Amino acid sequence: MSVFTAVLARDLRLALRQSADSLTVVAFFAIATVLFPFGVGPEASVLARIAGGVVWVTALLAALLSLDRIFTVDYEDGTLDQLVLTGAPLPVVVLAKVVAHWLTTGVPLIIISPVLAVTLHLPAAGYGPLMLALLLGTPTVSLVGAVGAALVLGTRRGGVLLSLLILPLYIPVLIFGTAAIEATVTGVSAGPMLTVLAGFMVLALTLSPWATAAALRQAVE
Amino acid sequence: MHRFANPTQFMRIANAIYPWAAGLSVILFLIGLPIALITSPPDYQQSETVRIMYVHVPSAWLALMIYGIMAGGSAAFLIWRHPMANLAAKASAPMGAVFTGLALITGMLWGQPMWGTFWVWDGRLTSFLILFFLYLGYLALGDAFEDSERGDKAAAILCLVGSVNIPIIHFSVEWWNTLHQPSIVKLGGDGVKSTVDGSILLPLFLMLGAFTFYYFAVLVLRLRSELLAAKIRNARMSQVATHAAIDPAAEGRLFVDSARLPRASAE
Amino acid sequence: MVRPMTGDTSAPLTFSGTNLACRRGGRLVFSQLNFTLPPGGALVLRGPNGSGKTTLLRLLAGLTPATAGQLAWNGAPIDDPEAHAARLRFISHLDAVKPALTVTENLSFWMEVWSGKAVESGIVRAMEAMDLKRLASFPARLLSAGQRHRLALARLIVAPAPLWLLDEPGNALDDSSLKALARIIADHRAQGGMVMVASHGAAFVSDGATLDLAAFTPSDVSHWSDAEEGEK
């Protein structure tokens, strides 16, 4: 357990010292969302219709951009070798790094999402489900993305490759995340969709650290 | 199990299968194609477009079956370090991608007369589109490393992660589809099931068999060439490692060796 | 000040490998390699570039799997990589130093990971051993290459472990740092610890045995076909 807290604390401290990295991801989230009105026109009814989906898609892309870095620095400076050799189970180390990633990128995205939803004229009923769905969905995004990030270590063009590997796997989260927002807007309960998102999170929590650990082991071979 | 891990042993079995698979595939194509394309009656509802099914359904079947085989091969490679299982997965992947592409294209061609458009976000078509991206990801990752052995393990892990996700993706897409689309004529299985008739089933099964045996025959050919490529690569590496002078004689010896090998493994 | 090793230090430790072989990128780097490291022993790995010194150290650390052969700890085969990892320290040519953290923070992180909690006295002791005390509160990004490498070596001191695997630890070190390195290695061995060093000039290891990897490099160009067919 001390390994978990040590790695988590170290990654949070590093993120705090290099807070520009997290801010860049949030800024990307904002600018990518703001592009949509220019693409589809500023008409409030059109924007309101797509607001939930746009916020989710751009959140996924923003998370993906930051995931590229989750193991790369450790891999390049030799820290990853040492983390594999701590003597503690590697999935625990992985989980600590993923939690740190979620706290430093997922949480800022959730916090800023209502502001972006305002610019897209999301109906008032949609804000609660938007934030709840992001809260339940972004941990899955970090967990699944970590597998991909570990797999592309040491490749040429890792970032682009990561999006090809991981974006298809995000489709279920996107479907239910967006559906939760739309359901509430159309007057239906978002409960079932949020439950499914929570289910995805539990599934990702049980499987992804092991897959990521296996990927990291082969990366340091 | 480990008996098959030995390339020579494995190839002995594969080479024994090859003539049967290739022969059966040719025979089934020769019988099945005329029936499927000419003599079988047009569907009362879909008319002549039903003939697209005879290519579409086998392609879709292979697209799924090959991913299953790749997942099995990847698991055997990761758990038992079974080099041939990995080679089989690697050799299957391009074929799986091609058959998925073929299933998508024939699905679109079928959809044009049926739906009046080449693409609808039908649950099945969408799932196959995503499967196509999973294949592309596997191929891209396996090819992205300088050291090909590293690419092998990474791609195998990705394949297993994908196989866990495919059911989840499929059910999510199906659910999403019912959420957004009123019911439409379903492509593939359901459409055929509703009009089950011997005149359609016979050519369908002939074509399914022809496609499946074609896959196994080509798989053996691809395994052979992959083994040869690996041996040539290893020979080159050893030459670099032992600082062998790259003189014409050494080059010549290398190619003599590699020319001798296919026969050695075919025996 | 010296502290006893953790765990089973009462029994004399040995670390050995039999018939080790390793293939990298389709090439057999070494084969039929045997060694035994007695308690307090040191083994210096020598050999030309590409003879597999780094590969062997990574294999001994459990990072790279052996193509053939068996590692043993006190005579028992090593089959749990995590238990093995817990009793070794590995210094590679990558220093695993985080530039954004201070020298103290870098060391306290590893101390917490390895021994459960970071203790001030332990960190100070490690910094003193590698002459880093006056740099304690500096961010590591301000350090020179040699200072960063000393910081990496100080990790050996923060939490004791019986087996040290050192890949070219003398690189980028000045004379006084080399002496410090020789001193911590001697202290470690005096307590029964074992050291394996890949090095060109091993001035910092006294009376260690030498393992010349060139002797285990397969010379036959056609060995690959045998290796492939003969496997399993």
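To keep things simple, chains are lettered A, B and C as they appear, and every chain counts its residues starting from 1.
Basically, contacts are C-beta pairs under 8 Å (C-beta built on N, C-alpha and C of every residue); 3 or more make two chains touch, one makes a residue touch a chain.
These numbers come from a predicted model, not from an experiment.
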Identifier of the chain whose CA centre is least distant from the whole-structure CA centre: A
Greatest separation from subunit C - chain, by CA centre: B
Averaged-CA centre spacing for the pair subunit C and subunit B, given as whole angstrom: 45
Whole-Å separation of chain centres (CA-atom averages), subunit A against subunit C: 37
Rounded Å distance, subunit A centre to subunit B centre (Cα mean): 32
Shared interface positions of subunit C, touching two or more other chains: none
Residues of subunit B engaged with two or more neighbouring chains: none
Residues of subunit A touching at least two other chains: 221
Interface residues, subunit A side, partner subunit C - complex: 2-3, 5-7, 10, 13-14, 17-18, 76-79, 81-82, 84-90, 220-221
Subunit B-touching residues of subunit C, taken from the complex the two chains share: 24-29, 50, 217, 219, 221-225, 228-229, 231-232
Contact set on subunit B toward subunit A in their complex: 78, 130, 133-134, 136-137, 140-141, 144-146, 150, 153-154, 157-158, 160-162, 164-165, 168-169, 172-173, 175-176, 179
Residue ranges of subunit C touching subunit A (in the complex, touch as defined): 58, 61-65, 82-83, 85-88, 90, 92-98, 100-101, 105, 109-110, 112-114, 116-117
In the complex, subunit A residues that touch subunit B: 147-148, 151-152, 154-158, 161, 164-165, 167-169, 171-172, 175-176, 179, 200, 203, 207, 211, 214-215, 218-219, 221
